[in-house]
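Per-chain numbering from 1; labels A, B, C and D assigned in written order.
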Amino acid sequence: MTTHYLVLSALLFAIGGVGVLVRRNAIVVFMCVELMLNACNLAFVTFARQNGNLDGQLIAFFVMIVAAAEVVIGLAIIVTIFRTRRSASVDDVSLLKY
Amino acid sequence: MPWLSTLMGVSVLGALGVTLVRNDKLAKQFTLVVSLIVLALTVAMAVQFSPNGDKFQFAETYDWIPAFGVHYGVAVDGIALVLILLSVILVPIVVLASWHDAEAGKRSVRTYFSLLLVLEAMMIGVFAATDVFLFYVFFEAMLIPMYFMIGSYGGAQRSYAAVKFLLYSLFGGLLMLVAVIALYSIAGKGTFMFTDLVGTIQDVTTQKWLFLGFFVAFAIKAPLWPFHTWLPDAAAQAPAGAAVLLVGVLDKVGTYGMLRFCLELFPDAAKFFTPLVITLSVIGIVYGAIVAIGQTDMKRLIAYTSVSHFGFIAMGVFAMTTNAGSGATLYMVNHGFSTGALFLVAGFLIYRRGSQFISDYGGVQKVAPILAGTFLVAGLSSLSLPGLSTFVSEFMVLIGTYERYLVPAVIATTGVILAAIYILWMYQRTMNGPTAESVKALPDLNAREKFVVAPLIALLLVFGFYPKPLLDVINPAVKDTLSSVSVTDPKPAVPVAQEGK
Amino acid sequence: MGESITFWVLAVVSVIAALGLVFSRRAVYSALMLGVVMLSLAVLYAVQDAPFLAAVQIIVYTGAVMMLFLFVLMLVGVDSSDSLVETIRGQRFWAVVGGLGFAVLLALGIGNAVVGSPKGLTAAAEGGNVSSLAQLIFTRHVFAFEVTSALLITAALGAMVLAHRERTEAKPTQRDLSRQRFAAFGRTGKNPAPLPGPGTYARHNAIDMPALLPDGTISPLSVNRYIARYEESKGILPPEVADVLEQEEAAQRTAAQANGHGGHSTPTVAEEARDGGPDTEPLPEGTEQDTVVAGRVVRPRGESAATEEDGK
Amino acid sequence: MEPAEIIQHSGGAIGAAWLMIALPLVGAAILLLGGRRTDKIGHLLGVLMAVASFAVAALSFVQLLGFAPGERRRGIELYDFVPGLAKVGLLVDPLSISFCLLITGVGSLIHIYSIGYMAHDPNRRRFFAYLNLFVAAMLLLVLADNYVALFVGWEGVGLASYLLIGFWQHKPSAATAAKKAFIVNRVGDFGLLIGLFTIFATFHTLAFNDVFANADKASSGTLTAIGLLLLVGACGKSAQLPLQSWLLDAMEGPTPVSALIHAATMVTAGVYLIVRSGPIYQGAETAQLVVTIVGVATLLAGAIIGTAKDDIKKALAGSTMSQIGYMVLAAGIGPAGYAFAIAHLITHGFFKADMFLGAGSVMHAMNDEVDMRKYGALRKVMPVTFATFAIGYLAIIGFPLLSGYFTKDGIIETVMEHNAVLGWLAVLGAGITGFYMSRLVFMTFFGAKRWEPTAHPHESPAVMTWPLIILSIGAIGLGAFLVLGNRFMTFLAPAVGAPEEMPSFHPFSLTGLATLALVAVGAVFAWFRYGAAEVPAVAPRGSFLTTFARRDLYGDALNEALFMRPGQWLTRLAVFFDNRGVDGLVNGLAAGIGGTSGRLRRIQTGFVRSYALSIFLGAAVLAGAWLVVGNL
């Protein structure tokens, strides 16, 4: 049963990954990152149960905290970018290059 | 009396002092005075040097980085003393010669002359260092003043030449650094003192690798054949004075290093690599001479002749006979004087007319006989005419090499003919024939310039007829070096009754 | 047995939702899809003996973080949709390859790393999941816990600093606003007082009931032109309202001829609808860009009112 | 008879032998460094120094005669030149003293002559300085007691000849001739140097005394090698066949130079070297054979060139080359020939210098016209020059009782005994000499007047004619004095050894008569061609043989084709290779690094998503790696 969970988490993680790479809207990219984090949480919980020790869940808990902090800052940045550049597309912000 | 440290101290303080002096004329005179003081001190030291005394004299050793066993170890043996004398004699002459060379430079005249004195301090340091690490530090530090002298005061493509010179030597230096560190760690003595490190590396393969590390750095410094292309650019773009020091002294560090470090620290590897080095130097001799014949720029031509001369020195060092060894050391000194004189006189000529190309001159002999005369004497010393000092050293090198390696010596002797061709052809194209229009109003040497050239030519003549005082100092040192390399001279076919040759 | 059923249902739902999140054109739909995924995960946590986590997932993660997304989405512009054309060469192809590769790798890798049946958490969490978790946190991982709290504070501060925009000039006071209104009246004759509210009587308080003036007549200003026009088209406009509108239009036509069509002193019905419109009216469907919400003009692109006012 | 033992000596004129070298050297130094101030007294100082060294040479000669023949080899210790390699000392023995007398004697006469010749030249001071330098170097060469000092003198002489040939260096032809002379000499010196190294390698010493004492111990192979290498040096210096091209161009220099250097002294240095290294050659038969072959070949080549040259100095130069060929031939025979070689060398020194100076005074009179086709019938106008020149002419062709007859025929006879083929070739050479010398004399002094309109020849001043007269007296009597009664051979015996039985001179031997006949035929033929007949003013187109001779037997063309052309080509190739090859490699490396960094720069596209992609792919690769490693 556990491998099913892990395959699901891998699948969700991969979908999240592809989402990050393919979408141009900053917020959607952000959501995909969240999706990847959730996939990891699922894996953690699965392993907690598999190995019979609560650390997995603890880690998942901490992941959530960090994800929250990250979202706050990320969105703040997106807002500031939007305010100056009137667009939330990730590709517009490409001045720092060769 | 800590002679060597005082020498270096005086020149460094002099260098600082020069930067404080406001007007240029005073700065130049101050530099001249400082360099003459250093000369006087060195002569005083040299007089007290006892040729048959112990190998290293005037030794001073203080701990510099105790953790790694790095000492500020300075001392002088016969070879180092002679080379320090060479550099200390050349510097005042160069100062006098480049009285007006520094005006056109990017930086101020004062910086040029302070760089000169700093260079002098480092030259003394590099020859006097008996601590391998200290030697390496000076070996690299020397490049900086020379880089600035070429870079800020040179000719048209000075920056290209300066950077090329710096990168080339640094590359060599890095290889040497690796070898120095490896040497330190393998020897395991916890010290960098040369005297302790001699003979510590027994295993031949490590010796070979360390030898290569040192040798490539020295082969780049004293340009042996494949690594020589930086010299013509650097010498051609550098102001005449800097070019003299570059070719006259800085490059000698390479051959000095070979004789001191490559031979003594790694005797078996040296013997193993001798055929390779001899071939490289013979190629250098013939190749340098042939390319010199084909040059159109005067300074590049002189630079290529030095490539040929360094081929002789390297061959002498690696022929490993007493004659060849002391011949090579004497050659280093004589080459300093002869190429120094040639560069300076060429520098005067170029300073007057402004162009370095031989084709822009013609018939200068009629207009400026003294300049032509000194140019001829300098040229003749470069093609090692007997009666001038270079002949003695070239003769010793060739005769020493002939004892052991017959064919390279014969090929190298063809260098004598090629030397005659490139010098006389240059002399003919610039000095003989009808006086070219552009050269009609060329002024002859003024008093200052005469004072520059006169001592050099006097030295060439004196050591040409009576080289004994120099050789008495060099011979024992070379014998020591070769005995530590456990090499004996080959026996003559017919043992002559009494040895009093 | 129940567990595998829930797993398969939720797995399919979450994967579809995830795909929806990635490939939907509208950002809002993606947000909702993400919500679905999170909720299904919450259930999965619960199934996997992690009730505390399921709760936290729903409350904190879906509740707060998702809502933050929606909030920013609103701020940034709901209808900004992405074009599906890929600008960076080879990005999409490699992304897919990477994704597939990763999925396969992780699945294989982690899959065969787990052997045997799960040990279950009964032993580890015998005093109840939450208490044992709390014990774990506050004994072995207390330091990490403190650090994350510091992290959260910094994050909050960071967001504040990043999103805050310094006001460059003083906040317009009530006095400024009234002065601006009467200036507008002087210039365009626009009614400085707020428009009368719709009629509110014992039995009727609908929007289309016109208000009465003290003398009992209908106040033309309180009639909503759109509804009037709608009712007129449907033929259900009350006669008294129609008369009032007729009189007002006649008065306007004569005033227009009087000053030779200079500036139009009193706005016609259309202009009235466009400019003003009673305050409390809810946002009509498909109105022009400048809709007034509670006295502040809100541009669809979210330009805050303050700058609008200052701009005028 | 073996050469005697060298006795260390001190005191007396011989003790002061080093003065001979020092005086002219000091003179040269004073004149060179003196600058303008010494212009007025420059030439007098030069002559004084030359005469003073002649005096010292004469005194040491007298002192040497005072000793018994056995101990006439006196060595003087000077100083330790290169510790462990060469102690410099002087060796005064019959061979070197005879050379010193020749050099200083003829040298002084030429110094006096050049006072007149160079009277109106602005750099006269420098000319006398170089002449003194030459005399000093030549004396060092002959007086040296070891090969290193000899080599120093050897190259010093080369330098002096370079300076003197290129004296009028504003003339490009003179400058090129000087350079050519120096470089060809350098090629010879290359051979000599290798010879010296071989000597050192075998004997570990370069002192004559030690080397010759142990010469027999060395293997004949080494001795042959040394002999041949010394021969190369000798050819370079004495303009023998392979390296003879510089001698004819050396005529660019002023005539006293040609007289002193390219007739009397420098060109004989090669012969001196071969005679001095006698013991080495004794041990190497093949080397001696090669020497004789080179001698004969040059003898004939010089004669043929002499016949075709219209320039009077070049004709005389050709004759010098052939006369030295005789000396080398004689030196190659061994002790028997040494005495005759040196005797001929001395007499040749006199009459050839006499003729060169005569030619100089003719040129002086005809305002530097050198082409004999513009001379004719000068005997009445310049009686003294004609008389002295005629004496020299008679001496060189071997007119009976004159010095040439004794020494040259002496050589021919000893060669005939040694090897018949060489003998008869020598006789043929004598015949050709008779022809071209007579051609020269008849064209210059006899026949019709073919002067340029501007030329009005007059007799040269006394200061020029007196040296001519003295030299001609030497040309008359010296040969008889040296050869009759083997006086010179016995005198030289302690220095170079002598054959067991002394040759007795009998005038009417077969070879003697044959040579006389051939010479007579040559002279008569020359009379009909040039004396009586009308000499065309412009050189007629000659047959294949004449152009062959006119082009110096294509010697120059050969050198050019073999060395000069490929040399220039090689130089251009080397310069190109150096700039493109080695330097190209270095710059290419730098450019390569620059290029790759330029391209790598492009990876930073600026798009967040491409960076995310690279992170993602990286992570995937990492995961894969863990997977692989995990399962290994």
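Observations on the structure shown:
Basically, a contact is a pair of C-beta atoms (placed from the backbone, for glycine too) under 8 Å apart; a residue touches a chain by one contact, two chains touch by 3 or more.
Given the structure is predicted, the values throughout are model-derived calculations rather than measurements.
No other pair of chains has as many C-beta pairs in contact as A-C.
Of all the chains shown, the one with its CA centroid nearest the global CA centroid is B. Rounded to whole angstrom, the centroid-to-centroid distance between subunit B and subunit D, based on C-alpha atoms, equals 36 Å. Centre-to-centre, using mean CA coordinates, subunit A is 23 Å away from subunit C.
Rounded to whole angstrom, the centroid-to-centroid distance between subunit B and subunit C, based on C-alpha atoms, equals 83 Å. Here the spacing of subunit A and subunit B, counted between their Cα centres, is 68 Å.
Residue positions of subunit A touching 2 or more other chains: 17, 21, 24, 91.
Multi-chain contact residues, meaning those touching two or more other chains, occur in subunit C at positions 88, 91, 94-95, 98, 102, 106.
For subunit B, no residue reaches two or more other chains under the stated contact definition. The set of touching chain pairs reads A-C, A-D, B-D, C-D, using the touch definition from the header.
Residues 1-19, 21-25, 27-28, 30-32, 34-35, 38, 41-43, 45-55, 57-58, 60-62, 64-73, 75-80, 82-83, 86-89, 91 of subunit A are the ones that touch subunit C when the two sit in their complex.
Against subunit D, in their complex, subunit A makes its touches with residues 17, 20-21, 24, 90-91, 93-98. Within the complex, the subunit D residues that touch subunit A are 601-609, 612-613, 616.
Listed in rising order, the residues of subunit C touching subunit D in the complex are 88, 91, 94-95, 98, 101-102, 105-106, 108-109. The residues of subunit B lying in touch with subunit D in their complex are 164, 168, 226, 228-230, 287, 290-291, 293-295, 322-323, 363, 365-366, 373, 380, 385-387, 391-392, 395-396, 398-399, 402-403, 406, 409-410, 413-414, 416-417, 420-421, 424-425, 428, 431-435, 465-468, 471-472, 475, 492-498, 500-501.
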